[in-house]
Amino acid sequence: MPEVVASVPNGAHIGLGGFAIARNVIAIAHELIRQNKHDLTVSQGVAGLDTDLLVGAGLVRRLIIGGGSLDRFGPVHNINRAREQGSLTFEDWTSLSLCFRYLAGALGLSFIPIKSLIASEILERLEQGSGAGEVARIACPFTGEPYVAMRALVPDIAFIHVQKADEEGNCRIDGPRWENEEQAKAAKRLVIIAEEIVPTEAFQREPERTIIPAHRVEAVVHLPWAAHPTAVYGSYDYDGAHLKLYVEHSKRPERIGDYINAYIRGTKDHREYLEKIGGEAHLASLKADPELGY
Amino acid sequence: MPEVVASVPNGAHIGLGGFAIARNVIAIAHELIRQNKHDLTVSQGVAGLDTDLLVGAGLVRRLIIGGGSLDRFGPVHNINRAREQGSLTFEDWTSLSLCFRYLAGALGLSFIPIKSLIASEILERLEQGSGAGEVARIACPFTGEPYVAMRALVPDIAFIHVQKADEEGNCRIDGPRWENEEQAKAAKRLVIIAEEIVPTEAFQREPERTIIPAHRVEAVVHLPWAAHPTAVYGSYDYDGAHLKLYVEHSKRPERIGDYINAYIRGTKDHREYLEKIGGEAHLASLKADPELGY
Amino acid sequence: MREIRSTEIMVAAGARELRDRETVVVGIGLPQIACFLAKSTHAPNLTPLLEIGVANMRPKDTPVGLADSRIFYRATCWSGFLDVMGMNLHRGVVDTGFLGALEVDRYGNINTTLSKENGKVRYFNGSAGGNDVASLAKRVITIMRHEKRKLPIAVAHLTSPGYVGGRPRAELGLRGGGPHRIITDKCAIGFNKETHQAMLLSLHPGTSLEDVLANTGFALEVPKSVATTPLPTAEELRLLREEIDPKSVYLGGVG
Amino acid sequence: MREIRSTEIMVAAGARELRDRETVVVGIGLPQIACFLAKSTHAPNLTPLLEIGVANMRPKDTPVGLADSRIFYRATCWSGFLDVMGMNLHRGVVDTGFLGALEVDRYGNINTTLSKENGKVRYFNGSAGGNDVASLAKRVITIMRHEKRKLPIAVAHLTSPGYVGGRPRAELGLRGGGPHRIITDKCAIGFNKETHQAMLLSLHPGTSLEDVLANTGFALEVPKSVATTPLPTAEELRLLREEIDPKSVYLGGVG
């Protein structure tokens, strides 16, 4: 995994597959921080803890998101503060508009129209800011109806956390998939973080469930608990205590550094991080009930 | 089922979910013929036996397809002959362009761009024929790259054969799905023909496998063997002997009427048709091996 | 029985706006609570959708948000944004969008992005699916606490359009029908069909017109006759308190 | 051992054009046979895709077409047109498109729609995914019987573009790299990088240059040195005859 993260150039555009406090690529975010990457562009439908951490650690130059939340644990304080301070370039979109932009990227369309954004300040701010080259007001060539044309969104590399993959890279995602498929297939490079490695045989038995086929995947990182403290449906629940602790730190600019030092820079790798947050005993308490999935 | 077919107005645009000799909505085609519907527009990615029958029986005024084939059993003779005789309006597209047009319909976009069709006679003929209002040469507002813009394709009613549905209309499709999902979700009305009805519980156990959710479905027709003589993956194989018999009739304009009279107008419903083609004993020979799926 | 809380009146009023057999995209929190109440009472065939790719879920435990696996328990379909927001909402088959808000103004414009106080800007969660829902659903219901600063003349940031500038939706280039109701813990508000301005519809029991007007930042149109919002029934209260939000995760918010 | 048939030489020549780790969209029939031969020999990590929504199938029985469940047995992914043709082919990640044809002309334009004989038009299967593959794959290989009427100066209907009018692909507005090879039962044909015209690459054993020229409808460029196509190896023949097409469903076509 450190090698995969090492291959991300500074200044790259990375797409992250998490949503709020679910299936975040936490271990990847940690390693990007440990390796002192900088000037990243990050895109994500609804930003979660992973992106908030990257912003809090100062790795991000440009943020392209549809929203951000840690659900009832709080807002994405680092992101919001960075906006208030103007310390990064920020493009505000919506869930569907980002999904459509990834869809265009996945389909090899350089643009796609949408009926959202119209008559909103989101569009006005995009037009007046760094999003100016990403949107254009157009009319349907057949009906004349007004649309916003959006430029395709193509991450240099996407990181997606999935429940099951095989060694070749075939992936299954359990539970809702938000914009995972479109983002994964839009990206120039795709790295999968898998909770579990299963034999290819499992995919041949139920090929309808393969969301990302192997030939699109550059690398599979097998790393259980890589999404902690966020939830992975069917594998583990979010870690409410740790999320509270995170928000306590992230809401105060003078304290986020303490969190990063203690839990990320102060740990060598994800295994040490898991020890730090309580190890096996604590993790066992988060394991999902097989029937409930949480 | 007769009631559902009775609700199709003459002149309606129907979308059919089959592909060549797989998952054709044969029983629906038969009933449309028995009810003497006329002036239909039919759209389908790659036309199969169902559409060939509707054309052979003279129900179709306009055909919008990406291709047509009965695989190695032969071409779609009725369709090809109708084209040669100019007896219907014909729009020739491609698999992907029709899929994109249905996708646009499903997404509520009135148009969608594509990089296929360019520099082909397919596009020229569309521009010079009845497809003139469906295509426009445009440039990407961001890159200037040339595209063909296509108008969304929205059937008045789509008929899709699936392996499993529940009574509310949730659907699962086993095997490849060609343009089924896009066509189903583009259509204004959607009728499902289900090989098997399963409890809703089955969908709640594996919600990832639901391709069409219940709230999009107007009616579910439970009719086993409704795709005969075409194949339904996991349920039954194509009926090679009957396909040969069909092609023997369809390739001679003077004989297709005999087929229609014997197998369709000469039978009251799908049950009588199944008796006519050999009944239980013959059908048993077509049942799929559970491991192979054919 | 415990005294009826204003949030309970509000949620029951929200639930009654939903009709059986409808398709509803619900935001997390009070919209979701109201939707489950409707589904458990007069609208058993209502289909709730979540933007993340969920249809017809039946949670048994109260979730903390959209990303909590509790919210999508026993759904009949799990897909993604493209299906729910693209092939339903953008396709035009979503009857109702049910949202929360930071601010809503007299034209039903919604702000979920930022607040401005004494010239200081504070950012919040942004749109997520909010703009999409407000732009595209056939009608939009907003449910929120009734405070003067949350109901300003014009929102501090127009995240999700209502009748922007009082103009009709079609003229704005928008497809969805736009604002239908604002349900607060004091009253239910509709929109004047001519002027597209917010208009009082009913006062919740225990709330006076003066209270509402004093706590509304814009000039709320008051028609001649203003109804009284029905109280939740005993069964609605039981469902809310015992089944839907037994720990008062959402209903505890307002006194 | 049975005498080597020209179809076997053709299919082996086609298979050798495929490289390991490539992504290939294959049409039904000879392309599929050639693809499986490649995957069983030098290209085990090749990913074949079928337009209907199939990745990496491993059939054990010979299918009669794309719609035959035999073709997608033991695939690792079943999806649809949107994934295979949209998110792979249109996305630009398909290395090779491998097609059959009714006619191919000197610029690699393909006709699968109609024939014109003595002024009479006969229609065939149309494009299906053919135009999409020819427009969008990084390179296109066509495999077909070598007959004068199937290799005309200009196709009777330009279903799928090659170097239309001899023009470079970018100038045509096309993204894919265009025609790479025409593999027939007599020879392998490439394309001149300057003129974009068809150019003889190698003659199959037993075929003379005269035979090829006499049976080609356009003026085929013949370079100074023309190689001889290697014969299939014993292992290739065994795979074709015993495993891939034991009933000669496809290999029986040409003598």
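Think of it as A, B, C and D in the order they're written, each chain with its own count starting at 1.
In the analysis below, contacts are C-beta pairs under 8 Å (C-beta built on N, C-alpha and C of every residue); 3 or more make two chains touch, one makes a residue touch a chain.
This is a predicted model, so every value here is computed, not measured.
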B-C or B-D, whichever has more C-beta pairs in contact: B-D
Cα-centroid distance, chain A relative to chain D, in whole angstrom: 41
Approximate Å spacing (C-alpha centroids) for the pair chain C, chain D: 58
Where chain B and chain D are represented by their mean Cα positions, the distance between them in whole Å: 28
Shared interface positions of chain C, touching two or more other chains: 54, 72, 78-79, 82, 86, 90, 136, 175
Contacts with 2+ other chains: residues of chain B: 108-109, 114-115, 145, 175, 208
Overall pattern in which the protein chains touch one another (line/ring/star/complete/other): other
Complete list of chain pairs which touch one another: A-B, A-C, A-D, B-C, B-D
Chain B contact footprint on chain D (complex, rising order): 28, 50-54, 61, 64-70, 72-73, 78-82, 85-86, 89-90, 112-113, 121-132, 135-136, 157-161, 164, 172-175, 249
Contacting residues of chain B [partner chain C, same complex]: 106-109, 166, 168, 170, 185, 200, 203-204, 207-208, 210, 213-216
Footprint of chain A on chain D - complex, ascending: 23, 47, 54-56, 58, 72, 74-79, 82, 86-88, 90-93, 136, 175
Contacting residues of chain A [partner chain C, same complex]: 19-22, 45-46, 48, 65-73, 75-76, 79-80, 83-84, 92-97, 99-100, 103, 114-122, 145-146, 175-182, 230-231, 233-234, 237-238, 240, 288, 292-294
Touching residues on chain A, where the partner in the complex is chain B: 108-115, 133-134, 136, 138, 140-143, 145, 147, 149, 151, 173-175, 208-209
